[in-house]
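Look for chain A in each of the two complexes below; its partner is chain B in the first and chain C in the second.
Let's look at the complex of A and B:
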């Protein structure tokens, strides 16, 4: 076999928390102690040698890097301190940047050097839109208690679409659209690479329905009940954090969809539905519970990660911490803005609401390039593993 | 009590193959030598082996020659059951405080064995690494030197002690013996304190405590030795069944930052040697050796080639990281790094190739010794503190004997 090591890749690995990988001497302890590693295709020993050799194309087409939930057993038992768990994390970070589109944006988000730009760009977009909207003024406490943040971007009397909604849509829909497109593009490139690497030839193509029913939905079910997470025995603490966090995201997705439907569709016919929801509304209660669950969940993950770094020597990486800070920012600014509104301090409420919009925009816009991307790449890697074993594939 | 000595005396700590060699080499050129040994017998780890390199001799072979040299030399004083408590002074004049534990058997003992027959109580047989028991009054092993019994008084009832005393025709039992402390004035000290097998229970994933079918390589030596607990038959502890398959787990604790970070040097060759033990008794039984790298330091490549040519001996590149106890035997789990597949191999007897931990590790600092990060003693020839054998580094018998001769030469020079 001709080996063409990619020095840039190795340098990247060193910078992204995978600096220990050269210590690996291929004893394969990791593949045995890993509770998720399979008999016919164990990991992460093979990933370690591919990474040492700089065989990034093999790694980028390897579903196993996404199947790892980084419980850290491999790193704990590693006789050399090579920390395979951290190395796989670094490979995943590399993969998200590699598959990211547009690549400039993906690269920007991947490096802490660009943090001012990473925050500045969405902050500027929201600020400019706020300015253009003409709504950039602090309301009176009475106005805020009546409209909530409904007049943040101002107000017009066109009944079919509220000005506020129009501006939020103008900001979020393109960002969300770009993220969805980038994720689709990344996942399909990854899928093709995996098909080639594992020499998978499709005998007949599954329909979209079949694909969802047989591969995607079972994977999503596993994710929701945390099957694989729970297999990592030492991961109980992380499940305590990750599960409420994930459920909070699902709940808030529902709340957003519900409120958009009620306010912006039904609201056209029943203007009384505009304005902030009552605190006693079950949906609002769900939203508040979700916000608290989000802070709790990300807080647990935060403290777990700090503990792992202090006690087990897990590498502290920008890739891991960026997402934790980002989600914490979304939750804290959102809940803070709500509290500011309830206690009637418009300046504080509006300022926090602005920050909330910025952090939500960051979450959407950067989803395919940050650790948040695991929600699509891991799901599809799990689906690929099912597909690879299925009857659609020539054996 | 103070044992005075002419200048130039050498203290050798440890009576294994390294200490014996160093003591004899120093004494045979005319120096006074004190040889102290913690166990009630000389010979150390070599005495426990079935066979040893380079020629696969039984230990009686090499040790006997050394004991004869010892008997013939009036310059060596031997103290068994003795350990060093403290060291003071400087190069050329050290004062070493030693402590001898009571043996409760004096030099009248002829090893007739009458006392053993009347003794009811038993103790764990540490010479056989816990496999089996001995009577509370015992001879450590059948060629133990000095040829005297030892009494483990603490486990005996007053009645038994009376019976033992009555049974001894030579008035050799002295239950009033006490711990004795004495000082030695010497010019140099050779530390030949040897090694202990690394504690296999520290590798929680290898489940040593959870199955009788998991033994260590030193236990394998005792099973194969004709003076061992099974008279040289290799049987599975617990049920004494003849194993039909064998698995060797290399680097069990060695080359591992969580345990011993260095290569213990001897375990690959020990495993190959033990494969020959198995082959003598079970010519066709499948043997699986799981390794990271097979290392044959010295001149043993041909030996390895011969063993690897055996179609029933399988060498698998991949470290065993999990052992699952079964009702009969165990299943060892590794990833074969060559095929990239996991291997789950059921074997009747599993041998952990545990490594060498320097025996003095925990006490070295208290004795003012310079040790490296792994607990091996670093020699300081100018100070007359010299390490030899496995106190210096993990080594085989040949290397230990060489380093002991070198240590003797340095000690003579420092003690002058």
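Let's look at the complex of A and C:
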């Protein structure tokens, strides 16, 4: 192997939470104590020396950096005070930027220097759309209690598609589409790199169904029941935060899908279904529980991270905090807007709803470049881990 | 001294229970001594009894109690008295056998009582033969210290010795002081947090030495020869590189002298003063510190690393010079190779110790400080950073541009303007291929004694240290037990000539050597041995009238203490002597002895053993035991209640080298059935405190075997066994095995004559 260390990459990792990476002296205690590392394919000892030597390409094509759940056992037991968990976090952050498309957007999101732009861009998009829609005025309390936020972007009488829905779709669908495409592109580039690095040659290609059935779905199942997270030793309490948070996202996904179907499909035929759902509707109850679970979950992760920074010297990184703040913003603005609506203060409700739209747009749009990207990259890394051991691959 | 004897038998520590005390006092009575018994002779009441007897005029105390290795202060009755110890505790009471089918309690008691009685007889005999030692004092004693070598080690030794008030002369070959350290750009950190390289301190050290009124500095000077002995070394200086008649003469052995006399060989010392000649213009010194340092090792033998034919491959010393001369421009990447073994072995370069690991870390830092984008690769098999230097290693590791991995470097090939280094078995999990501008090899520090005498002694055994090959050129005498000692008393080495070591260790080392030199002079002043028998007031006395000039003592002395005259008569230098008694063991005329340890005394003790001549079961076997390792080993075996064979009688000796073969003959003619010598391990990994003693004894025993067979005795009756101090669990088995061989041979045919 021709080796030429990338000094800039080392500097990047050190600035992004991996400041201790050079302390490693390769004793491999980390690989031994890691509850997720396997005897056949141990990590993170090798990742540490690759990082020390600035071997960017090797790390970017390494599924183990995503298999790591940053339990922190390695960091706790490291005799030299190197924190492999944090180093791998920094490498993941770099990987999301590296695989991100378009790269300009990915780079913008990765740096705290661009925070005004990162928030300003979605805020401006929503504001402009709101202005264009002509719905930009505060309704009466009466109107709001009847329509909820259904007339946020105004109203027209075309029964097949509400104006509000049309504008939300105009904002969110392209953003979501871009995110999905960027994630697909990133994951497939990563997959190819992993195939090359580990010299994996496909004997015969699995069908999409086979791929989902044998590799993707088992990985998703593991993720949902938190199999790996629960193995964590030192910081197993992170499950208390992550599990409700993940379930909240799933619940809200369902609630959004249900709401869209009821209001925008069934609503065409039964106009009475338009307007805010009753608080007694089980779906609405689920939505509210999910919102609270989200705040609780992200709150636990927030306090865990603060404690780790205070007690264990974990360095505070933009990469980690951005996602915590962002999810908190989505949850708080969503719940706040709802409360504003219920207590009948339209100004507050509309303002918070605006912020809610901005934060949700950020969540969608920036998903492939922020820490949120782990939900695709880690899933596919886990799938790759299974794939390279499978019958489809030449041994 | 007129001797007044007091004989004492202690019954404490289980002696009274294991032995029949009346039988012991009866044995003493046979030899004319009224033995007093006491239940705890070492206690206050016992001491009171001894003091009272001393006041009544007793000056020779024969104490039959525990091993002579313990209770030395309790039984020390003062300078003008003699204490002799008979060991009836460890060698009789405590090593008593357990009853078995073969031996009843009654038989065991009988045998053990015979043992005890023999030790009492031997102690009394020793008491009768022993004399009070008179220390050997020099007429004039020099307290000046000669330091050879003006590098960090020599400068420090001179400075530290001068600080304690001693006069020092510092000799340096070069025109300036400083040695190799003058070439270093920076030094390893010496203070917490051990992170930053430090500015060189050599300048300040030189200034301090030059300003010290107690230190005389002689540059461009070397030592032609050192004659004499500790307290009275005669040193001749000369200008560096010149030849004089006072240069140290080469060793001419007996055979060579023979050839020279017959004209078959040229005299290598033609034109030189004889080694015994004393230069009237020479200077007197009390002790010598050898700090002549090291030379960078040649690394061209490792062909795959290309040092010989690739100008992009340099040694660490050459790289240091490049840094000093500011020649790092254009060098953006350097590979520091620590171990030359490739795939064959993982050893570091020879003569490196931990030094080259730390030098590589330091030099990597030089490169990084000169160029922020530079990359330094350190390819090691071992990173040796002892003590606080681990912090230094940790600090260097933090540098973004320093890359470390364990690796087997398989080759260095020229490529473009630099080299390609290939390595296997790396921590990166793959073979490496590194393109670098320069390769630095971790050449070791070879002691100058590997290449030259350096010390230039005018001794009969030659101008150099002995057995340098055994220690890769280092002038060791006993690396494990006595790390500062050389084979030449009063000469102490420190710094690179003693071991590859970094500067801070050198400073400690040189300070230690200065203290050893002072100790040597002060012991000489008091007429006592300096080492390893510290404080011993005895020294070998020669009855020259009966000397046959056989030269065995002069040849065999492990420390070169004996010179000789034209005819071969030994010229003793008691202050060079370590009191091992190897000369005494060597002398066929038995004319060498110490006041408290001589051929007659031990011979008489052997004859004091009662040998039953009519009992086939009661064989008697003599064991002469080295008191350095074998004796403590036996004591420890007894403390662990291992039984020792009751047919054996142990006599401690200073060293197996001091065993005179006449003692074996004494034992055999007294009707004893066998004799065994228990001494230290010898050979390349010897443990002998006097280097050669056990090895010489083994040779002498080979020779005596011929004599025995001529007398019609089986050669197997005499043997040597090597005992390490840790053999306490196996030593009784080793002895039993030998005794069984004797039992199988049957009683000695000499019995009863």
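Definition applied: the second predicted complex is superposed on the first by the 393 of 395 C-alpha atoms of A that agree within 3 Å, B and C clash if a C-alpha of one lies under 4 Å from a C-alpha of the other, contacts with A are read in each partner's own complex, and residues count from 1 in each chain.
What we mean here is this: a residue touches a chain if its C-beta (ideal position, glycine included) is under 8 Å from a C-beta of that chain, and two chains touch if they have at least 3 such contacts.
In this text the structure is predicted, and so the values were computed from the model without any measurement.
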Chain B versus chain C as contact partner of A:388, first or second or both or neither: neither
First (chain B), second (chain C), both or neither touched by A:25: both
Which of chain B and chain C A:80 touches, first, second, both or neither: both
Contacts of A:37 with chain B and chain C, given as first, second, both or neither: first
Which of chain B and chain C A:55 touches, first, second, both or neither: second
Touched partner set for A:46, first chain B, second chain C, both or neither: both
Touching both chain C and chain B, counted on chain A across the two superposed complexes: 25-26, 46, 80
Of all residues in chain C, those that touch chain A in their complex: 373, 375, 394, 397-401, 403-406, 427-435
Contacting residues of chain A [partner chain B, same complex]: 25-33, 37-42, 45-46, 77-81
Chain A residues within the chain C interface of the complex: 1-5, 7, 10-11, 14, 22-23, 25-26, 46, 49-50, 52-55, 80
Touch list for chain B against partner chain A, complex: 205, 251, 255-259, 292-293, 318-322, 333-337, 340-342, 344
